[in-house]
Structures are given as C-alpha cells and as structure tokens.
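So that you can tell them apart, the chains are marked A, B, C, D, E, F, G, H, I and J in the order they are listed, and the count of residues begins at 1 in each.
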Amino acid sequence: MLFKVEMDVNIPLGFDPQEAARLKAEEKARFQELQLAGTWRHIWRVVGQYANVSIFDVPSNAELHDILMSLPLYPFMTVRVTALCRHPSSAYEDDR
Amino acid sequence: MLFKVEMDVNIPLGFDPQEAARLKAEEKARFQELQLAGTWRHIWRVVGQYANVSIFDVPSNAELHDILMSLPLYPFMTVRVTALCRHPSSAYEDDR
Amino acid sequence: MLFKVEMDVNIPLGFDPQEAARLKAEEKARFQELQLAGTWRHIWRVVGQYANVSIFDVPSNAELHDILMSLPLYPFMTVRVTALCRHPSSAYEDDR
Amino acid sequence: MLFKVEMDVNIPLGFDPQEAARLKAEEKARFQELQLAGTWRHIWRVVGQYANVSIFDVPSNAELHDILMSLPLYPFMTVRVTALCRHPSSAYEDDR
Amino acid sequence: MLFKVEMDVNIPLGFDPQEAARLKAEEKARFQELQLAGTWRHIWRVVGQYANVSIFDVPSNAELHDILMSLPLYPFMTVRVTALCRHPSSAYEDDR
Amino acid sequence: MLFKVEMDVNIPLGFDPQEAARLKAEEKARFQELQLAGTWRHIWRVVGQYANVSIFDVPSNAELHDILMSLPLYPFMTVRVTALCRHPSSAYEDDR
Amino acid sequence: MLFKVEMDVNIPLGFDPQEAARLKAEEKARFQELQLAGTWRHIWRVVGQYANVSIFDVPSNAELHDILMSLPLYPFMTVRVTALCRHPSSAYEDDR
Amino acid sequence: MLFKVEMDVNIPLGFDPQEAARLKAEEKARFQELQLAGTWRHIWRVVGQYANVSIFDVPSNAELHDILMSLPLYPFMTVRVTALCRHPSSAYEDDR
Amino acid sequence: MLFKVEMDVNIPLGFDPQEAARLKAEEKARFQELQLAGTWRHIWRVVGQYANVSIFDVPSNAELHDILMSLPLYPFMTVRVTALCRHPSSAYEDDR
Amino acid sequence: MLFKVEMDVNIPLGFDPQEAARLKAEEKARFQELQLAGTWRHIWRVVGQYANVSIFDVPSNAELHDILMSLPLYPFMTVRVTALCRHPSSAYEDDR
C-alpha cells in the first residue's frame, strides 16, 4: 500500500555537529536499506527546505508507523502522512 | 526538472453529467499522452478525495505552466506546485 | 487496517427535500451493510454538527477509497482520512 | 457520554530518558486501569505521529476533565476534545 | 453539564424576507422556551456580528445535539461546541 | 459592559513548582475578589485544557485592560477578548 | 470607548449597479453623520482592497453593535471588532 | 503616507527586569519624539494584550522601515504593516 | 515607492466568454500602458495558477490604490499588497 | 528559470553579536556575488520586517536548492519558494 510521507527536518541551532553528522549518516543508511527493499520507493528534496517528499509502499499501516518512528532523525522531524492508491488512468499496472 | 503537483477537483453539484464525462475522458487522454512522453511521471489518487498527487518532469517552469493551464479539468481544479530535486541519498541515478 | 474518517455533510439550502431524503435513506442502508460486514466498525455523531467520526477496517487503501467515493452522500461531504494502527498499550488484542 | 480525545505528545529533546520512561510506564498503567473500567473505551495510534485518537465514555464533563488533567504525560500533551453522541443509523444499541 | 456554544448566522442575500422573519420569530420562541427551562442558561450577542455566545446546561451530549439540530435557524448557522465544567475557584456552588 | 475573555495558561516545564503554586494562589485570591465585586461575572473551565472561558462586566475597555494585565498569571496566558452585549431575545433584563 | 473596526466589503458580481450605488450613497451619508457626531472618529482605506480601517468612539458595546448592524452596506461586509484603550505613553490627553 | 502598524510585544519570561525597564523607557522616549514630529500619528493599546495599533504618516516606505527597525523594543516585536490611504467619504481634508 | 502586489484571478465558471475576453484585452492594454510608464515595473506568472506576482513603483499609497481598483479584472481578483523598499546590499543604485 | 524566494530571518535574542555580524557580512558578500552573476536578479526589503522578497534566475531546481541551502544565514531563515514564469503580456522579451 502506498503513502505519501512528507518530512521536514529541524535540527536546533547549537546541536552538537558531530552527533548531527552521526544521525544523518544513520538516516542515510536506513533510507538506503529501505529503498533497496522497495519500501521507501521514492524520495525527493523540496527546493529550499531541509525536507523531503517520499512515497512508501508497505504491507500495513502498522509497518509504516514502525518504520517512521524508528528513523534516526525522527525526533527532529515534522511528519505528514497521506494514504494514496493507484490511479485508474495510469497506463502502468505496477506504477508505484 | 521535477515538480510535485497536487490537484483537487471540484465539479459543482448540478453540472451537466455528459459534459463532465466528456471532460474527464479528455483529461484521461491528455494524461496518458503526457505519461507516455515521460512528462507526467507519476500519479496517485488521494484516498477519500477527488484529488491526485503527481510528479512532473519538465524542461522549464514555463512548460509546466502551459501543461497545467491547458488540462481539460483545470477550470475545476485547485492546484499546488512544489519544486523538487533529486535526493543525494538515493541509490538510483535516474530516480525520478 | 484501521482508518479514522471524519465526514462533514453539507446539503445546500434549497436542495430538493425528497431527493435529500432518498439519498439519506440510501446512505443509511449502505452504512448498515458496511457495519454488518465489519468494515465500518464505528460511527459517532459530532455534537451540534451534521458530521460524524468513523472508524473503518479495510484490507487496503484502495478499498477504502472505493467505499468512500461511492457513498450516496459523498458529493455533499468534506472527508478527512487519517491512518491509524493498534496501540500497544491496549489490553485487548482485537481492539478495533 | 462519549468524547473523542486526540492527544499529541511532545517530549522535548534532551529530556531525561529515565524520567520519560517512568512517566510512560505510569501513563500506560493509568490507561489500562481506565480501559478496564470502560472509561477509556478505545485508543488508536496515529500513523507516523507520537499521538493517539481515543474515545472516552464518562458520566460528566467534569470527570473527563479530571481524568485528562491527571494523566502522567499531560504536561507534554496537546489535547483536543470533541463531544460525540450515538449515531441513530447504528445497528448496535450499545455501540460505544 | 455545561457547554459553550457559539453560533454564527448567515442568511444569504436575496433570501425571502418574510420567510426569514418567520424563522427568526420561531427561533426566538424556541430560545425563550429553553431559557425558561434552564437549558439555554446564557446568551450574549457578539458586537458587530450576527452571532451569539451561549451557555447550555444539559443532561447529556445527545440532548444538546438534538436541541441544536432542531433550532429553526440551524440551517443558516455555523456552530462551535466546547465542553465546559465548573471552575473550582468559584465562590458560588451553583455558578452555571 | 460585557466581554468574553478566554485565557489559556501555559506554565513552562521546569518552572519552579513553589513559585507556580504561589502565583496560582494569588490568581485565585484576585479572581475571588473580582467575582465578589461582580466584575468577573462567570468563569468556566475548558474540558481537557488548562484554560477558562470568562465573562467580565466592566465600566470601560481601559478597566478591563488594567484588570487583565495585572493578573498574577498573566505572563503565562494567551488571552482573547471579545466584546459582547445583551441579547434582545433574553427574558431576563439583567442577564449578565 | 474606543474600538478598531475593520470592514471588508464584497458586493457580488451581477448585483444590480443602481441598487449598489444607492446603498453606497446611503452608507456615505450615514458615515458622515457619525463622523460629525464624533462617533466614527477615523476611517482609512486599505490599499488595493474594498475595505477600511476605522476607529469608533462609543459610550457602550451595545451602541457600537447597533451602529454597525444598521449600516446600509452591512449585509455585504465582513467585520472585525477589536477593543482598544488610550496608550499611557501618548502626549495627548484626548488622543482618540 | 499612512500606514497601520500593529505591534505585539513579547518579552520572554526571565528576561532581566532592569534591562526590560530600560528598553521600555527608551521606547517611550522614541515614541514621544516621533509623536511630536507627527510621524507616529496615533497609538492605541489593544485590550488584554501587550500590543498596540498605530498609525504612521511617513514620506516613504524606506523611512517607515528605518523607524520600525530601530525601535528599542523591535527585537521583541511581531509587526504587521498595512498600507492605507485617505478615505474619500471623510469630511476632513487632513484626516490622518 | 515599491510594492509587491500579488493578484489571483478567478473568473466564475459560466461567465460569458466574450465578456471575459474583452476584459482580458482591456487588462492587457492597461497593464502595458502602466508598464511603459514605469509604474508596473515587473510582472511574473505563478506556475500552475491564474495569478501573477508584480512589482509596482508609485509616488504614493493613494496612487497605487487608484490603479489597482480601476483594473478591468479587479472585480475578479484577490489582491495582496506588501510595502517594499530598496535593499542596502544591492550593488545597483536604481534596482527597482 | 525564475523563482520568487521569500526569506524571513530570525536571529535569536542573545545570539553572539560578533558571530551575527560575521554571518551577515558573509551573506552580503555571497548575495553580491550571485547578484553580479545574474542569478539573484532582484532583492527587496519587506517594510517593518527582517525579511526580503527576491527573484532568482537559475538553470535548474537543483541549483536553486544548492544556492539557498548554502547561504550563510540559511540556518536562521524561513524560506518560501514559488515557481514563476515570464508573463505573455509583458512588452519586454527579457523581463526577468
């Protein structure tokens, strides 16, 4: 099942830069793991923001919840979740 | 260049159903033409709404404007445009 | 999978009362069918509003979309959908 | 009487983790006590948020107020309260 | 139980003045009936608006719902309901 | 003259509890003084919030301003003021 | 007593121009009557809007209400009322 | 040229009271200087808020900007600026 | 003096197309007249909207008001006006 | 390609003034570099705010993103990006 997830990241001024770098590296590793698994199907940056628009493909709401809550940068994120589904006009059966 | 475009469609109560059907068929045909051209890269329905989330890949802002303004259902749409770009964490060079 | 769906109904002043009564009867029948099937698990009225708060239990986002879009009163509704999941503190395994 | 209560929890970055764990354990114990008493009738997590949607069944506004204000995590919560009532279309007399 | 109810009235331009006058007279009669019964405890006009702030004292959420939905001017109102309770600082036991 | 005043109180996490208790006691004493004087005519708690809805009866805008600004908890409050007046439908001449 | 009143005027497309002209002339006459009486102390246009910012000086909330509700263009207005008072820093005792 | 300027002042809890008193005295002196010069034509307090509504009369946008940015309390203010102009209905040629 | 003016145009469905075309032609002619005079210094389309962002250079607020209110499409516009001034970092003395 | 970028700057009270001055000088230098390159085509101050309205002319969304994210004051900014395009009514072919 498909969801649009929009993540705005806000790391406070004065937060330890080394800790921030470590969390970003962990986030990137976790993202790539989920991307290769086909769960985190798309990610795009929002121009001018420390934010992304993502598409997730998950077997259930509960799994999406667990994935999002365990992201290394989650404590710094504002997250908006929107349930999506395939569009009948699409020429591609597996457009996800 | 990539853009997220969110379209909410609102056809007023009492609008002629045949005219609505004709416009929807035209919209679908135009969509598929743009999908096959690689311009309208993704489309998803928003659950519970007559609305979609789409990703466009266009050579310029002006071209995106011309495409959107000439959609058959544009007079019934509320449209939000957000400029996106490729995310550096992505494992796929051509993830669009 | 569980979703909170909030529906605000707005039938315009001057809408034909007989047609409104017919649509409300159809809506009620459709609701009861879905309630008995366990899909529309809960419904509550919002005090002072022509509106409800509902809990749906569906196998997929797509099925929820199809159910909502085909409700007889859908053209008069503003709908908000929120993905939910079971809470781990709950003492009831099947609390839905 | 039925109320929808939506609780968003925000524990600040840097809050003592042991104290947070203690408060969460207290919150869980208090929740289960109220759940077994039939007061806190339902609880669901909101996907991607540290938040829940709950249904309370209380004898009075004042009792709901006292319950909410004394929750161990209340100082970290944003709370929205909506008065509900039984829906006449429901097939279940005691649907709460 | 106490509720603050805020009602904004908007009768469209061009609505039949006689019908409007009839509905206002009915509304006034219904208000006074509820005021004398102690249900509609207070009403104040909002300066510069066709709107009021009211305090209701009702035995249940359901009764408040039924009262509001059957007001003669309800179809022209936007209504906001807020659950209240007695304030412990008040010197008056029965301040309602 | 009548005003609705809505006060939301927000004492920051970590504020000295003894100082908070002292300010609340002062606030309560000041409230009761104004209640007995007939100035602070009504106060109700908002369910689930550290907030109240109040009705003030004052000779002038300036006096209301001076009263509110000198409340012991004012520095922790968000305040909304709405000018009211007697409603002509009311059966009570002195309903304040 | 002083109030800021902000009035946005919206006469619908297609409203009879002669009737609109008549109402505007009545509004102007009523304004000037109130200006000369010292009640409508100031009026300024908002640049680019069919709107004004005004200062009223009235003996009571009720009088302000009656004045506003009887303005010839009131049915076309959105009105916002804010209670003001003299500023202690002002060098002018009678600055209104 | 006339502008409405609305200033909300928010001095954080715990800010040094002596420094606050010094800044307020400076602000008052600067205000009176501008009032006497005819630049800061009006100032009113907003009831229940640490805020004012002001009318400025300046030769240019740039001058207004320089005045506002150099106010001693500017770092504590939220400021909203609205361009105004004389209203043609006004009986006073020099109503500013 | 410089102002940012944002204009959203909304011509209702079913408005006479010939009249709309006439008004648009008049709007274009008026725009070009003001552009050549240096008053309407810049105009840009907002992608995906029937809307523009414009920069005006006018001698006074009043003149801007008169220009905007007399635009042929003004009755169909929502307009937002923001006062601007030259930025001191700019390398160009006459950057307008 | 053209974009409107609106930047609101908020340097917290108590931030080291020397560091702030250093960042502002760096920001100014970077701005002028981009202005001379024709990338940062326009900048205007918003009256009464520490904020600007700017027009960027960039070859791609990605380039705009990289420019904005690397501005020395970016960590203190709230940024809004709007895609623009040339307006067909403009008499100037190269109006940017």
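Following the convention adopted for this analysis, a residue touches a chain if its C-beta (ideal position, glycine included) is under 8 Å from a C-beta of that chain, and two chains touch if they have at least 3 such contacts.
Predicted model, so just to flag it, every value in this text is computed and none were measured.
Chains that count as touching both subunit D and subunit G, per the definition above, are E, F.
Interface comparison, A-B against F-G: more C-beta pairs in contact at A-B. Distance between Cα centroids is largest for the pairing of subunit F with B. Centroid to centroid, with C-alpha atoms defining each point, subunit H and subunit J lie 28 Å apart. One simple way to say how far apart two chains are is to compare their mean CA positions; for subunit B and subunit D this gives 40 Å. Per-chain CA centroids place subunit G at a distance of 22 Å from subunit H.
With centres defined as mean CA coordinates, subunit G is found 51 Å away from subunit A.
Shared interface positions of subunit F, defined as residues touching 2 or more other chains, are 2-3, 45, 47-48, 61, 64-65, 81, 83-86. Pairwise, the chains that touch each other are A-B, A-C, A-D, A-J, B-C, B-I, B-J, C-D, C-E, D-E, D-F, E-F, E-G, F-G, F-H, G-H, G-I, H-I, H-J, I-J. Note for the complex: subunit J touches subunit A at residues 3, 5, 12, 61, 64-65, 68-69, 75-76, 79-81. Taken in their complex, subunit C has these residues touching subunit D: 2, 4, 28, 31-32, 35-36, 42-48, 52-53, 55, 82-87, 89-92, 95.
Taken together, the subunit E residues at the contact with subunit D in this complex read 1-3, 60-62, 64-65, 81, 83-86.
For subunit E in complex with subunit G, the residues that touch the partner chain are 13, 45, 47-50.
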